Structures are given as C-alpha cells and as structure tokens.
Amino acid sequence: MNTELTHFDQEGKARMVDVGDKPVTKREAIASGKVLMQPTTLEQIVAQQIKKGDVFAVARIAGIMAAKQTATLIPLCHQLPLCSAAIEFTSDPKSGQITIVATTKSNGSTGVEMEALTAVSVTALTIYDMCKAIDKEIEITAISLQKKTGGKSGSFSRNQ
Amino acid sequence: MNTELTHFDQEGKARMVDVGDKPVTKREAIASGKVLMQPTTLEQIVAQQIKKGDVFAVARIAGIMAAKQTATLIPLCHQLPLCSAAIEFTSDPKSGQITIVATTKSNGSTGVEMEALTAVSVTALTIYDMCKAIDKEIEITAISLQKKTGGKSGSFSRNQ
Amino acid sequence: MNTELTHFDQEGKARMVDVGDKPVTKREAIASGKVLMQPTTLEQIVAQQIKKGDVFAVARIAGIMAAKQTATLIPLCHQLPLCSAAIEFTSDPKSGQITIVATTKSNGSTGVEMEALTAVSVTALTIYDMCKAIDKEIEITAISLQKKTGGKSGSFSRNQ
Amino acid sequence: MNTELTHFDQEGKARMVDVGDKPVTKREAIASGKVLMQPTTLEQIVAQQIKKGDVFAVARIAGIMAAKQTATLIPLCHQLPLCSAAIEFTSDPKSGQITIVATTKSNGSTGVEMEALTAVSVTALTIYDMCKAIDKEIEITAISLQKKTGGKSGSFSRNQ
Amino acid sequence: MNTELTHFDQEGKARMVDVGDKPVTKREAIASGKVLMQPTTLEQIVAQQIKKGDVFAVARIAGIMAAKQTATLIPLCHQLPLCSAAIEFTSDPKSGQITIVATTKSNGSTGVEMEALTAVSVTALTIYDMCKAIDKEIEITAISLQKKTGGKSGSFSRNQ
Amino acid sequence: MNTELTHFDQEGKARMVDVGDKPVTKREAIASGKVLMQPTTLEQIVAQQIKKGDVFAVARIAGIMAAKQTATLIPLCHQLPLCSAAIEFTSDPKSGQITIVATTKSNGSTGVEMEALTAVSVTALTIYDMCKAIDKEIEITAISLQKKTGGKSGSFSRNQ
C-alpha cells in the first residue's frame, strides 16, 4: 500500500495525480454518515413526510447532484462521469438518528470514493438546512468509506 | 422559536422561504468538525507540511471556495454574498485528530450557518481526498454549528 | 415603453445593461408553462407519487436550483440573489397535461422574470427526463411570463 | 419498451439509473422548439442583426454552453461529454415565429436527448431575455424531441 | 497604501478579507489585454465576421459570462453582483494584434478589478480557442488594470 | 494544416466541432505565462511564503481547479476529463517576474491546450488578486502554448 501523499510531487507541490496509464475498470464505492438530532425533530421530519413534504426526498436529490460536482469541489479530484448514484436513509426515532448510505459507480481509471463521501456530506447538510429552524444542535457525524471495489489497489471494506 | 419545518408550505411543498421582508443585518456563524485518522497519517501530513506540501493550505482553499458555492449545493439555501470566510485547524498528533473551525460573515437577511457548515464539510473531504491513498479508515465527525449571531432569531451558542 | 433591444449598444455590441443607477425595489415575477404527455404517462406519475416516488418533488427542486443559476445560463442576465422561489403544479389527468407555475422574488434593481422562466423550463425538462423512458413524445409548451411587479417599468400582467 | 419510471427504485426512491453495463455507442439527438413574438419584435431582431448586434449569435452560444451543463441542471441526468453541439434558427417574419433546432452528439452509454432539449430551452430563454424590454408577451412553445439514434432502445422519430 | 498581503492573517493563513464594514459604493474597473497572432489569422477572423461568423461576438459573450464567475474561479475573491459588463475590441490588421478592453461596474463594498481582468482573460482565451486550428503561436499578453474608481482606496489609473 | 476557422460552419454559424470520429489518444499540452510586478512585491510574496502564507500554493490550486472548468468557460470547448494537471513556478526576484508553466494530460479525442492555457491564466489572475492591494500595476503577459502532443494534427512546439 502507498505510504506517500501522492497528491504532492517530490518538491511538495500539490498536483492532480496522473491516472492516464491506469486501466479503465468498473468502480464502486459505498460511504455512510449519520445525522443526530432531537427525537422531536426527527418526529417532525416523519410527520412532514406523511404530509408529502419530504425532507428525505430533497436531501437525496441534493446528494446525487453534489456527487456530480465532486471534482468541482475537491481541488485535486479527477472528473469522473458517474454510471449511477443512489442514496438510502434509515432512521431511528428513539435516538433521533438518521443514517445515510450513498453508493456511486463509474467506469474509470480512478476510484469514486470522493463522490460517495461528497454525496453523504451534502445530503446531511441539506437535512441540517431543512431542520435548523427547529433544532440548531443537529450534528453530522461518522462520515466514512464503507466499501470500495475496482482498480489496482483492490477492494476495501471498513473494519467495523 | 419555530416549531415548523419552514422549508415546506401548508401543503407540504418544498420552497425557498421568503426572506424579502427580513432586515439586512450583520451575520456571523462559526461551525466546526473533526477528521479522525491514524496518528501515522497525521504525522505524514505534518512531515509533508515541512516539505512545503501543505494539506492544510489546499483544504483551506477548498473550504473557502465551497462556502461560496453553498446555495448551489443546498437546494433551498439563499444566495448570500459573503463578507469574509476563514478556516482554522488544530491538530492533536497523539490521537490523530484534526479540528476544523470555519467562520463566515455576511450582511444579509438570512443567516450564514450553512456557509460555515459547508466550508467545514468540504475542508474535511479535501483532507480525506489527499490522505486516502495511505489511510482509507479516515472518519469525518462532529460537524456542528458552534455559534451564530445576527438576525431576529438572535444569537445561538452550542451547548458543549 | 422601450422600443430598442437594450442588450446592444449603438454599434450593436452585446453587453450587460447598466442597472447601477436603478433603485433597489421589491420585485416579483410569475411564469408558467405546460408539459403535455400521454394520459397513461401522467397516470404513472400519479401512481408513482402514491408509491412515494415523487416526480413533482424532484422537478420542483430542480426548478428552484435552476432559478439560482439563471445568471450563469443566460449570458446578459444580472446576478440577482432571490428572496424566495416556489413552484406549483396542477395536472389534468384526462388531457395528460401538467401546468407549472413558478414565483420568484428579489429585492434588486432589475426584474426576476428570467429566474421564474428558467425555473419553469428546468422543472419541465426534469419531468421530461424522468418520463422519457415511457413517453418520448412529451412536449413542453406555453412557457410565458404571467405577471411582474416592481421596478420603474411598472407592473405587467399577460393578456390571456 | 419500458413501462416503468426507471428513475425510481422499487421503493419509489429517486436515483441515477445505472448505465455501467450499457455499451458505449454513437448517440445523436435532435430537439426543437419555437419562440412566438410580435412580428414587430422579430423585425427588430433582424434589423439588429444587420447592425451586427446578433440576438441569434448570443442565443446560440447560450444554448451550446447550456448543453454542456445539462447534468448540472437535471438532477438524475448522467454527465455526458458531448462530441458536438449545433443550433439552427429559422424565422418566419409574418407570424413572428422563430424555430430553434439543436443537434447534440456523444459517444456514451446513455442518450443525449436531454442535452438537445436543454440547449433548445436555454436558447429560447436567451432570446426572451434579449427581447423582453420590447415584448413581454413572448411565448416559448413546442419544445420536443424530434429524433434520436444510438443505444439499445434504438432510433426514435417524432410523429408529426 | 497597503504594504501587507491582506489575504493572509498574521499567522500566514489565507482567508477571504472581511469587507463587512466597508461602505457600499459605486465601483468601476477597466482592464485590457492583447492577443497577438499572424496577420493572416486576423484576416481570417475579419473575413469570417463578414460571413457573419463572428469570433468577436462569441469571445465577448464568453468574457461577460466569465466576469460573473470571477468569485468561483479566484479563491479569495468576494461574490459581487455586477451592475454591468461590457467588452470592446480594436484590431490592427498590420500587426495581427487585437486589443480587448473590459469595463465592469458594481455597487458593492469591494472593487471589481478581478471581474474586469477575468473578462479580458477569458475573452482572449476564447479567441485563442477559435483560432488555434490555424495558428498555434497566438500569444495573450499585456493583461492589466487600466483604471479603477470607487472605494476608500480611491481611484487608480495605470501609468502608461 | 487547417486553413479554416473550424468553429464555424459554411454559413458562418458557431458550433462545437464534431470530434466523434476522432480516435481517443493520449494528449498532453504545456502552456506558460508570466506575471510582472515590482521586485518589492515579489519580495513580499517570498517573505510571506516563509511565514507559510503561500501565494504560490493558493494560485496553483486555483489554476488546477480552473483547468477542470475550461469547457464551462470557453463556449465551444469540449468537456475533457483530465488525467492530470500540474503547475510550476519560477521567479526572478531581480526583475520581479514570475513564470507559470501548466501541464495538462487527457486520454481523449481532442487536445488539452485550452485546459493548460486556462490553468495558466487563472493562476496568474489569482496571483494578481492576492497582490493587488500592494501593487496595482501588475501585468500578466506572454500566455502561450509551448508544446502539444497526441492527436492526428501531431505534435507542436512553439518557436522560441
């Protein structure tokens, strides 16, 4: 495994790493994160959903659109057309916790971890934005890469 | 304090809340977050910094630029020209923990919390991107609003 | 009323018109448009909505986000921070017709018609995108300004 | 032919459809639309063109640039690098009608209809913007896909 | 006059300078630049213009649109809605030299120099792009601020 | 070699040239430019760098990010995912001159000259932005293509 910060050359200058000689392969990444809030806030989100005002639907769209903007946001990230992007939510009313899982896929010469992580982050920020009027203590936490396949560095699964 | 999700109308339809009648006042927000990594990864970042290859400098620029893109990323967020944006880092080599603090200011009719939170999130994602080749277990955590001033809803300070 | 194409100077060169001396006033614009499809396609959209897969919710978000991108899309359009943006749908299952109404507001020195018209257009394009797999004959039609208030050129209401 | 809204999964959640297994083929799409205005407005556009202030030239550039932004505007649309984009105008002075035809091409695993339709829409909006000072009744109409080739769903030609 | 690089704090950290306390005043900036090419290349541009294929018209639109993207491109630049933007060309067929002059205006609390300079740069790059097939030796040169008015630092006129 | 302005069709209409039939090959481009300033200004940049406030680091990130935005800025430019992007600086304290060299690579069916030239231009503009408070006479000059490889038009090296 790499032991160098590859985004810097020998003189320490930041650069976009050259992936031009890496083969194009199927890539997939799964990232997740959590949004912690007052249980009463989560109750409101669910109540709103029943009234068809769906916080999850808005946040999902924001996350998918952000995944497509990853290379615009992350300075040294390669532009990578996504084959697919999907976002799942599970929520635990008791603890006021929402778990976000984003899955991104691409046929490319570098991985799609950053796309999945960016999707999770912006999905979470959008939930925050829609709930901040009633709960400013909301916390976004545990954003991490769960799984990665494709590419010469091989597969990765996070140690739980 | 509001007890409704203001981003939805009575029929539950998402909308950009009308802030046209709110006075223009000085606004400030401070948000923070943490990036957890192997202490050896943080050592590398510091070593790289000595070699003038500065992960923090790249991540700081990414965070400031992202703050200016907040309304492009968060669907129902208002476009808010920032008067200033700044990002601070403190790192604890022992625990392999970096703390990010973003401060954003604007003279506007709505708050700049989302700008500060977006800055923290993209700064953290950029650190992840630059270190992922050597440490895929990095976790982004504890993204939250610390302080908010200006506007009729008044000041807010997070309960520690 | 103006009888000149103000986006060109005397020599016919395109330019962004100078609005620097125009007073800042409350502006509002209402635009509308229609999406015509097979009644069976509209049935599917409604059925999907019941299954919580809401075409209207996705299209609404796309339209609101596009309104904020108007000055990026329309070359000579001024950047205008919106105070609010909202999109309404009414659908006629018999004729397979969806009517989109977008309302945009700003406190500025130029109107928000283009923001409302852009919101309608992108909302309609998003409906097309989500339904094109089952109905490629969908037609977007009757995009027009319905109402405009604020600014020295005064109010406007479309002749029906 | 598809009878499902493919942008939703079984549980009705919106997603970017996975095109990762679809072959890369030559794709082409032709879309069109109309802009209806007072004949006197169209006369002005033509007069302006003679003075070298070309509404059509500005609108054409706007449409081509918008085609490249399609995936940024349409939430579930794939990023698709275009091989070419072109926009044609024909105008009928008597009826005050401009017809816009956009042709887009790509070598990809999904179609370029949305790119052509987005190009037509933004071209039309730009004409509206440049003429709105003299004619607010302008209407954008009949935006539709005319032709589509490439991909497993095969060719499509609109029934006139 | 300032003798410090204000974009860095005492510890040398980059930041967006706080302009929140600066008064909102009328700002104007004029920047210019040159594009040097083979006289035969410039002849072609002029010939093309007669054929209504106007390199200048395309480049002008690109420059105006880029001016509106300045804060997206320049990391520490404030978002500044422009009141107007205009681009002039003069060309000297003998020497194969095109001079670009961009004028930008805003009512804001910081200057619009960067908007004018960005407009000139992207206008020049667009000319290069449209002519590179016939002349790869084209050079963009002498991009500089000519004049600046408004703001407490007062007016500036470049020493010729 | 081409003797026509290929971005226009026979009738002189601007268009994105069709590259759909061109083979995908490795492409590389090297562009350069200069920033001229008071030697005392360059001294400050170097002094600041020692204080870890690195103008070069910020400008480099801006240039790399801009390279990825080339097709958004240059109207008729194709979207081209970059395999790599790097920016080098050399500075001559005596003459107050900074030389910027940008290298961009892609595997595509059209060249990456515009990406390299855009990177140089935005890098230079960012240096200007960070130094303008102390030196408004700064000039950006000599932006040109140095070298180009790949593609059927073959290699190019600028005549010095």
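Per-chain numbering from 1; labels A, B, C, D, E and F assigned in written order.
Methods note: a contact is a pair of C-beta atoms (placed from the backbone, for glycine too) under 8 Å apart; a residue touches a chain by one contact, two chains touch by 3 or more.
Note that the structure is a prediction, hence the values are computed from the model and not measured.
The fewest steps needed to get from chain C to chain F, moving only between touching chains, is 2. Counted as hops between touching chains, the shortest connection from chain A to chain F is 1. The most distant chain from chain A, with centres taken as the mean of CA atoms, is E. Matching CA atoms, the turn from chain B to chain F amounts to 180°, rounded to the nearest 5.
With every chain reduced to the mean of its CA atoms, the largest distance from chain C is reached by F.
Pairs E-F and A-C differ in how many C-beta pairs touch across them, and the larger number is found at E-F. Per-chain CA centroids place chain D at a distance of 31 Å from chain F. Taking the mean of the C-alpha atoms as each chain's centre, chain A and chain E sit 37 Å apart. In chain F, the residues touching two or more other chains are 9, 13-14, 52, 54, 57-58, 61-62, 65, 69, 72, 75-76, 81. Chain pairs that touch, as defined above: A-B, A-C, A-D, A-F, B-C, B-E, B-F, C-D, C-E, D-E, D-F, E-F. Of all residues in chain E, those touching chain D in their complex are 52, 54, 57-58, 61-62, 65. For chain D in complex with chain C, the touching residues are 1-9, 11-14, 33, 44-45, 48, 51-55, 58, 61-62, 65-66, 69, 72-77, 113-114, 117-118, 121-122, 124-126, 128-134, 136-145, 148, 156, 158-159.
Contact residues of chain A toward chain F in the complex are 9, 13-20, 71-72, 75-76, 78-81, 109.
Those residues of chain A that touch chain D in the complex are listed here as 26, 57, 60-61, 64-65, 68-69, 81-88, 105-107.
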